[in-house]
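Take a look at these structures.
Consider the two complexes below, in which subunit A is the common component and subunit B and subunit C are the respective partners.
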Partner chain A sequence: MLQTLPAASTAVEAPRLPILQLVGVRKMFGGFAAVEGIDLDVREGEFLTIVGPSGSGKTTLLRMLAGMDTPSEGNITLRGELINDVPPNKRPTCLVFQSLALFPHKSVGENIAFALKVKGADAATRKKRALELMRIVRLPDNYHDKNVMKCSGGERQRVALARAFAYDPEVLFFDEPLSALDYKLKKALEKELKDLHRETGKTFIYITHSLEEAMVMSDRIGVMRAGRLVQVGTPEEIYGAPVDRFVSEFVGEVNTLKMKRVGQQWQGVDVPGTFTLGSPQNGAVLDEAFVVIRPEYMRFLAAGERADNQLKGTVYNEYSLGSRIQYQVRVGSKDAGEKVMLVELSRARALPPGASREVTIGWDAADAFTLGS
Partner chain B sequence: MATSPALARKRTNALIWVWTVFVLVAVYLPILCGALASFNKSRYFGFPIKVYATEWWQKTLDSIEIGMLVRNSIAIALLVTVISVVIATFGALAFARYDWKGRRLYQKLIILPIFFPQPVLGLALLLGFNAVGIQTSWLTAVFAHLVWIVPVVTLVIAIQVYGFDASLEEAAYDLGCTRTQVFREVTLPLLWPGIWSGMLFAFLLSWSNFPLSLYTAGADSTIPKWLYAKMVAGYTPMVPALGTMATLGAATLLLGGGLVMLLLRRRQPA
Partner chain C sequence: MADIALARAPETARQVRQARMLSVGARCALPVAVLLGIGFLAPMVAILAYSFATPRSFDVFRSFTLENFASIFDPTNTVWLSFAWSVGFALFTVAILAVIAYPIAYGLNAVFGRWAGFISVLFVFPLFVSENVRLYGWVLFFIKNGVLDGTLKWLGLPGGPEVLYTPGVTLFGMAYTYLPFMLFPMTLGLALVPRDLVDAARDLGAGRLFIWREIELPLAMPGILIGMLLTFVLAIGATAEAKILGGQSIIVISHDIEIAFTYSQNWPLGSALAVVVSVFIAALTLTALSKLDLDRMLGRR
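== the complex of A and B ==
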């Protein structure tokens, strides 16, 4: 995709100064490390998303960046200045809460202009700026005096966003603000958020447990697990070159097969057979490995067709995913080990209704990842 | 023979009505009787009333003694209201919002005075004042009322604190507020309904309190204390007259308070 958009690709690759830097950041709650060993450079103007399952420490990390928690160890610097202990009201950053935290006793306009009121701006200035921001987030002017609690879910998102912009922060943080919305609205707001990011040029740091959300919006994604940042990279890198099984499984459905080295060959542990593997990540020498194949890289082999690796099996389930079809194929045998593999094909290449469900599935070594853990 | 559903519903409705009327009569008839007794021309208490008159109301309003004790009651209630609301607002935040060591113990200890029998609490406080050599007066009564009323008001305001999202305060702080601004812009306006009900509770509970005042107000009298004293010795229809006035005063305050709440809610953006 990026190659076809030269302008965008130079923008992505141009060296940008880190606006936020985290070095060895750790947060202890009692004896428990909620966040540990975080090293991260956030580039000026980028849209960075931190994803991870609940309890992985992403909210704790965000709260430290916003100043609502202080790190137990390590340093957070903003444009080179140490901000570990700088309180939120003294930081040029602003957080959009998961609950949005709109002030229920204030109107839409009063909510948006809140930061200006705090700074002592007069009523006319506040109203003018509130209306400007309302146009930016696409709220109609007559909402200025509306009770914020009478706004719909999507409108509230916009109010929260405008309120954060009014503070004129250098970095905006988002704590899963879209999680409570229905699918369609969520998709629309994801796109709008991405547009706003481009239009305003601010640095956005977004956290979510939904990788789909992260893929759509982000320049870079950081994957968190058990308090650690496991991998940071572009959506392409995270999807196409996961560093371990956790990342590979988090980033969509996968087929994972355990292998062991016997001499120069790899033998299946879950299913019998000898397999051809690609070279492991970062050139490690392994005696045991996991081969991870995404369902869309699997195919059915016609008689006489070959692939680097192949397995015989039986289709026992098929699901329509709309434009794609997913097959569940049982491979191996009861005695030597059985495993369900997923094969995903575009509808155009689906198995014809009358075709035999006894199939041979295959994949090429170059399309799979070989991971040590 | 089975009753039809329509008939059963009718009977249920009738029973609900009977019960409601019974409760209302049981609650309000005594107050009405008191009011009627105050309009008796005769000096002595007795039904049926032969001649109605307003002269005891006039005498009550003219009495210098009663004027003094009404002023005492108002002064005590106002002071109790102000002090208890300030203590209870911060107490409620400590009670319901902030997590701190000893919070659970505090939550239990603060509620305990509500369940003390008030005469015992009054006596204990009187003994305490004597022990440290404090002369009892309406000011010591204020203290005694506070011991009992602060916990009540704390609970009333704590309910409001539980009902609001702590991230609102964090959001205000994040948008540049100082701690004071957070309190003024967010905490106080959102707690205001609870504080307002707490104020009404504080005033009315103090206004009608008898046992604590009896023990701890010393030579100063209050409305309930005077009503009791006159019932024991020296009854006049001024007793039901003042009693009715005190009840009307409380009712007016309550209605007025409700109205203010309503207006405050109306003032919110549409």
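== the complex of A and C ==
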């Protein structure tokens, strides 16, 4: 069989089938749709993060994926099999809880080997596997008999992770497990989680409200807002081509200016002036648009220097962001409309100490997004 | 050495006064301590003293004899039978209540969630009515031509079973009386089981029975054990059920003690019995409590 295959087709990697597929998934609580119209393909082995502000429905979505809630409408399929009503203990998926939900009356080893005990493995097998998993998550062997409540926050994360791995799930879900940790530990564990993902090759679905966390770890990010999945894409796509203002603002600080079309020109609504805009993302013809410029794409213009768009303003505040400096610049005038614009520069290009606070800021049309909503 | 002694010696009259005075905490605790001393400790001392007095006398504090205890442990004395009835019935009551109260407590937590503890307090309301009155109510219910029997006959049925004045109905009365004491701690105990843990266990493949055995039961154990202990201690001293519902078909130990103090006017014997029972219960309770490591069970250690 293999020999009959044409050489060309072996060179092309077979498209990976989605492991999890959501079609028109909706969850109602009374008359309120917590989650609505979710269509999503999760690829096998990918690290997908769902981000959204609290109340955006991401936890509800995750609970449906894990089997703790059932969708009111729509289908969830795992490897082509409908799993809408399959209870969590019959699904090859495992959730790492936000609270971690470690069993306080069990030792580290007993916690980790819980899934094996369910399957009826004997004590020796359980201990052997628990120790293996403890090495994978970098827990010392002598923790096997330690009371899990005596472990530190970071250690508990590892126990929860090892416990989930012991179930040998096809898909692992994470419900903001790192949210309670301090910044430094969180950063270290993010990296470890990413390493574990690569080492195990499992499919990870992670939810968080922190886009920073999502950016670091994910292959793809889904942004949720008010129960809907607004955009799904790689971190670069989310950052570089947000579909709307919500996504662009969620990703980081932005300058947003409202524009209206007057003939062939764009007039500012918030601040007076005529502006040059890039073409909208999907080529839509707009009468009203929002132009979104990231602070790092703004610059101060020296006398004679030009940019596609420019505004005169006054620097009234500046913050050090470490290697970068952020300026708050008030543009426009009291009568015609005022707006604070953010300009972020590397320290090397900062305004000299004695420089005038009266500045001209500018940006090129290609560096900004033109969004319809 | 001398230097140290000097350094420690109070230097002024004020310090001397302060050293002689009680600390603020001790002074605040004084009223309660006095009350406990008079109301709780003094009767205990009196009972203890009486138990060593000459039998059938009131020579308390003036005579010392072990005769009362000797007569209790005399093989010809049948008082051990009453004791056995009490312990046996107390154990039965605990067992029955554990089986009855667990599903109720579980249901309360499932239905009322955070309010389950409060709802289970409502089960305590019957305690506001005198126990005797409530038990006579059951007598009226079970008695020939009473509520049960009469109603059944009125409906043309053969009539109710003749259960009144049997050991069985005594046990029923005890289970009825002590239900709140089992239910309340048990409900609180079950409320200690976090929902997350049950979800997590289920997510890891565990079925209902496995979750119950491995997660719910061990985590609710402190409440269950306290309920059992409380019920046992109360039930071992129960008399009214055996007298009113049981019609003295069995004699329990507290009834024997009561007889010794009233009818036979043998206070020393009654006291000695009370001391034996108290020591037994105290030993049992303290052993159980020392085994019952709440901190460890709640995972704090």
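Just so we're on the same page, the second predicted complex is superposed on the first by the 358 of 373 C-alpha atoms of A that agree within 3 Å, B and C clash if a C-alpha of one lies under 4 Å from a C-alpha of the other, contacts with A are read in each partner's own complex, and residues count from 1 in each chain.
The working rule: a contact is a pair of C-beta atoms (placed from the backbone, for glycine too) under 8 Å apart; a residue touches a chain by one contact, two chains touch by 3 or more.
All values reported here derive from a predicted model rather than from experimental measurement.
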{"item": "Side-by-side fit of subunit B and subunit C on subunit A, or clash", "value": "clash"}
{"item": "First (subunit B), second (subunit C), both or neither touched by A:W363", "value": "neither"}
{"item": "Touched partner set for A:K146, first subunit B, second subunit C, both or neither", "value": "first"}
{"item": "Contacts of A:F165 with subunit B and subunit C, given as first, second, both or neither", "value": "neither"}
{"item": "Partner chain(s) touched by A:P104 [first = subunit B, second = subunit C, both, neither]", "value": "both"}
{"item": "First (subunit B), second (subunit C), both or neither touched by A:L95", "value": "both"}
{"item": "Contacts on subunit A seen with subunit B and repeated with subunit C across the two complexes", "value": "66-68, 87-89, 93-95, 97, 99, 101, 103-105, 114-115, 117-119, 147-148, 150, 163-164, 166-167"}
{"item": "In the complex with subunit C, residue positions of subunit A that touch it", "value": "66-68, 87-89, 93-95, 97, 99, 101, 103-105, 114-115, 117-119, 147-150, 163-164, 166-167"}
{"item": "Interfacial residue positions of subunit A with respect to subunit B in the complex", "value": "66-68, 87-89, 93-95, 97, 99, 101, 103-108, 110, 114-115, 117-119, 145-148, 150, 163-164, 166-167"}
{"item": "Contact footprint of subunit A on subunit B as seen in their complex", "value": "165, 167-168, 170-178, 181, 185-186, 189-190, 268-270"}
{"item": "Footprint of subunit A on subunit C - complex, ascending", "value": "194, 196-197, 199-207, 210, 214-215, 218-219, 297-301"}
